[in-house]
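Two complexes are shown next, each including chain A; its partner changes from chain B in the first to chain C in the second.
For the complex of A and B:
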């Protein structure tokens, strides 16, 4: 089930909220009841798309819960070797599950391609959200091993942490240490509810109104093929995709954070206007922040971070970015995309640092955005070959600079592109910040229902409703 | 401190995981190396084509939100009568990882249509309720038809 579907908006969410507030908040006032309602709702939410994979998630939950308790017991009894063995066992289990269900096909087909053996890919459907919940589980295991947290004593609370539906299938990746207190100690009030609903509707609007509309333009550009594509068409296409992926993913994060607020949770932020970044480093401090901080805390720093000699730091960075690419998908273009960012960040850190500081900010922004857009071509193309031919067209390897398709796309979508750009940059927060708090809340109160009505109209009238991060 | 032995639970989890993997590989893996037209051919023999007509890939993209670039092939039949909900879709995807997304899109379409027909066309609503949506590796099969079970059987044999 996705947040932008009618089933979720009309049936699932109102029913869950009604049960949560009536039984949990008004009648019993019990945290256990509230958690139980959320757990049951989360399991139904997950089982909606592919019911069999709920077995895998429950197995993962039970295994990691038991290993966590065992590891804590071993540490308390000063059995360091046992604790270490359990830690390695849990990491192998989690990476093994993720590797098998997400990457088996890629490795089998690559191996078959290299060796010429007639191996057939397994073609298993990907368990939804497996990358997100596995990373959440691993944060629990690693922090527990490092002594940063205590093992969760209640299985159903741990199950709720892993399966909590607002952030289950597309993040943000919430670390256990950041949220553990909230399972037994959180307060829902009108403020958190209305703020949460407002954030949810903003996210829904980003997804349904902007991302889907921009996505359909990029889909039509991509479908036309690069053979006869003009430079203008290629740039319009990739600008649309750049905006689409931001509204798609940040919209989903907004919906997740908003829904968390509705049920009294405070999730970490995942985006901070990434398209105002003036360097690649700055971009990655603003884009998918929960994933970046996961890799920083659990891979980069344990490898030594930047407190080592330069070659080692370069190695650490490349490991992190190779894994970041791999995390995004089981295809070599994602790996290339990760390596591309690794190289850019290393160049920025060690070679271009002084030069970058001397360039005017607007130029730095422009160069950053061009690099980001090239990255999105690698990310979105069906194959590496097609990515390079698209990049070639963007930079002049084309029959024409502009053609009738490009001009048509530009004139018919100019307003949409401007609106998209304004929404991707902090224009709204700047304007709303100019108002007094009283006027601000009135404007928000007037805008939110309007946006919701617009979302419903778009949901009913539009059939193009892909979700880019659903498959991760 | 009371010592608890968790080893048995850990071992059981690992055994259960292996059993699950073997079961899922046996029941859900595979897909097919055949083209989508080869898979569809025996299904079309069962399909009452006088009631449904062949639609283009663009029609399928519009109806289900399919990204054509992510597919190896599409076979889509639907009824031209707007008061008739029968349709049949077979999609072969480049990446089986996209199958769930497509399945969700199909489910959303079925739900939307159920809401639409529920109050004034109960027989159409009943057909929608009996819709079949299945994933087999990189192939997604969907049909809403009077003989949907027969269509699904033909599809399974064709894989």
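For the complex of A and C:
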């Protein structure tokens, strides 16, 4: 199930909220009841989208719960070797499951392509959210092994940590150590509820009103092919995608954080206006922060981080970015995208550092954004070849700088692009800061309900599907 | 000193009250959202289901049937989602609100429909695909070469984007169909080309030549095209005096449906028949015979343009009491449906083939029926997209 679906908004969310607050908060006032309601809801939420793969998630939960307990036991009894082998076993298991379900197809078809063997890919569909919940589980196992946390004693609390529906499918990747207290000790109150509800609506609006609309523009640009594309069209297309992916992803994080608040949880932030970044390093401090911090804590620092000699640091960085690229999807263009960022970051760190400081900020921002947009072409193109021909068009390998297709796209979507830019850059916060505090509160009172109604309009109208049998 | 202290105290308490104020409003807005959420949910669940959507011209999804197999393969979930959104309260209103918002913010293309001025909707022009066209014209040239004795004519009608350019949204990318049609004519051998662009363009009221809500041409355009075609085919258009009579003024066509913009309605007219000519219409594959090329029942349906011939059929034969003994074969799309009625008095027999549905061998018909004339009648958008001529006749 996704948050922007009718099933979620009409049935699942109201039902879960009603049960949680009536049974959990008002009647029993019991944390166990509240957690149980959330667990059942989360499992239904997952099973709704993955009626078969829920078994895989449950297996993963059982396995890691038991291994975690054993590992702690072994550590307590000072059986270091046992703890270590359990740890390695768990890591191999988790990476193995993720690798098999996410990457087996890619490896088999690439291997078959190179060797010419007639191997058939497995064509397993990717279990939804597996990249996210596997990383959450691994944060638990690694922190447990390092002695940063205690093992969770209750299976159903551990299951709730892994499956908690607000962040199950698209993050943020909440580390166990950051949230473990909240399972037994959290207070729902009007403050967190209303903050959460408003945040949820903001996220829903990002997804339904902005991301989907912008996405359809990029889709039409991409579908038209690069053969007759003008420079203008290519830039409009990639700007739309740049905005779309931000609204899509950060919208989902907003919804997750907001829903967390509705049920009394506090999740980590995941985005911080990434498109005002003035360097690539800055960008990655603002984009999908929970993933970057995961890789920093569990890969980069264990490898030695930047406290080593330069070649080793470069190696560490490349490993992290290769993995980051790979994590985003099972295709070689994601790997290329990760390597691209690895190289940019290394360049920034060691070569351009002094030069960059002398350039005016606005120029640094512009260059950063162009690099990010080139990155998104690599990320979104169906193949590496098509990505390069798209980038070629962006930088002038085209018959025309502007054509009527481009100017029609620009004029008919100008308002949308402006609104998109205003929301992706902190223009809204700036404008609202200009108002008096009293007016500011009036704005939020009008804004969120209005946005919610707009969301409903956009969600339902997406499904408008006329049957045109006489369209010949 | 003292004053300052009081001031800062005041400031602090003011900030505190401002914060509280914001908090109250945040709670209020969350409360409103919660009320909307539960109200929508409640109303959706008690609302009565609709079976059919007039606007979307389809049956809406009804309550999904539960079964374990549909649960396991996810069909139940998909059906539930479709059911909830299809039966959502005020669905049609929400859709038209959405198109209203889109158009307000400048959008001028929805589902391959250009939103023009004065309620004029345009079908987005088809792409000019050389490879695809070559296959089509090769197939047509083949048929022509095999039948040298038959007078063969080609008439490709331009679409509204070419003729009613005044109401196009600004900057809308529209290729010159006049040029495209010229190029197509140039690649056909032995066809007598009939130029419909020039006469259609030279009228004073081009906006009357196409429906505002549908991709077809109107009787006003057919009148002009008929004269042009008749002249080229050696017929005397003056010999058939007819009038157009309006049969409906509430036509909302395909472009309205596609875009979801239902703000305008069109009028459909049909020509009067000559009183001295009788005819019989045979729908060959359907094995149905009627005495009229018009199907008045279609005027009560959504697809009112189908009043002409009741729609598109693979093979329709019209035999008339005309004194003439020529036999005409028309290979066509739906633009021809409103023009063919005017050709009836000029031929003993008209055989109408729609390659998109026809699967037989037209050479057999040409031979057995001793066809004397052949007219290929299409509109540009359909012709440019067509794959059935090449697929079935080569």
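The working rule: the second predicted complex is superposed on the first by the 456 of 472 C-alpha atoms of A that agree within 3 Å, B and C clash if a C-alpha of one lies under 4 Å from a C-alpha of the other, contacts with A are read in each partner's own complex, and residues count from 1 in each chain.
Convention: a contact is a pair of C-beta atoms (placed from the backbone, for glycine too) under 8 Å apart; a residue touches a chain by one contact, two chains touch by 3 or more.
Not measured: the values here are computed from a predicted model.
With the two structures aligned on chain A, chain B clashes with chain C.
Of the two partner chains, chain B is the only one that A:63 touches; chain C does not reach it. Looking at the shared chain after the overlay, A:350 reaches neither chain B nor chain C. Of the two partner chains, chain C is the only one touched by A:403; chain B is not. Once the two structures are overlaid, the count of chain A residues touched is higher for C than for its counterpart among chain B and chain C.
Once the two complexes are overlaid on the shared chain, A:428 sits clear of chain B and of chain C alike. Of the two partner chains placed around the shared chain by superposition, chain B and chain C are both touched by A:52. Of the two partner chains, chain B and chain C are each touched by A:6. Looking at the shared chain after the overlay, A:444 reaches chain C, while chain B stays out of its contact range.
In the superposition on chain A, A:198 makes contact with chain C only, while chain B stays out of contact range.
The superposed model shows chain C running into chain B at a single listed stretch; among 19-27, 55-63 or 145-153 it is 55-63.
Judged by the document's definition of touching, chain A residues 1, 5-7, 48-49, 52, 460, 463-467, 470-471 lie at the interface with chain B and also at the interface with chain C. Chain contact summary for the complex, chain A toward chain C: residues 1, 5-7, 9-11, 13-14, 17-18, 48-49, 51-52, 190-191, 193-198, 201, 403-405, 407-408, 411-416, 419, 437-438, 440-442, 444-449, 452-454, 456-461, 463-472. Every residue of chain B that touches chain A in the complex is listed here, in rising order: 1, 3-4, 6-7, 9-10, 13-14, 16-17, 20-21, 24-25, 28-31, 33, 61-65, 67-70, 94-101, 103-105, 107-109, 111-112, 115, 135-138.
Residues 18, 21-34, 36-38, 40-41, 44-45, 55-58, 71-74, 77, 80-82, 84-86, 88, 91, 94-95, 97-99, 101, 105-109, 169-174, 215, 254, 257-258, 260, 303, 305-306, 311-312, 333-334, 356, 382 of chain C are the ones touching chain A in the complex. Of all the residues in chain A, the ones that touch chain B in their complex are 1-2, 5-7, 48-50, 52, 55-56, 59, 62-63, 66-67, 69-70, 73, 76-77, 89, 93, 97, 100, 102, 105, 120-126, 128, 219, 222-223, 329-331, 382, 460, 463-467, 470-471.
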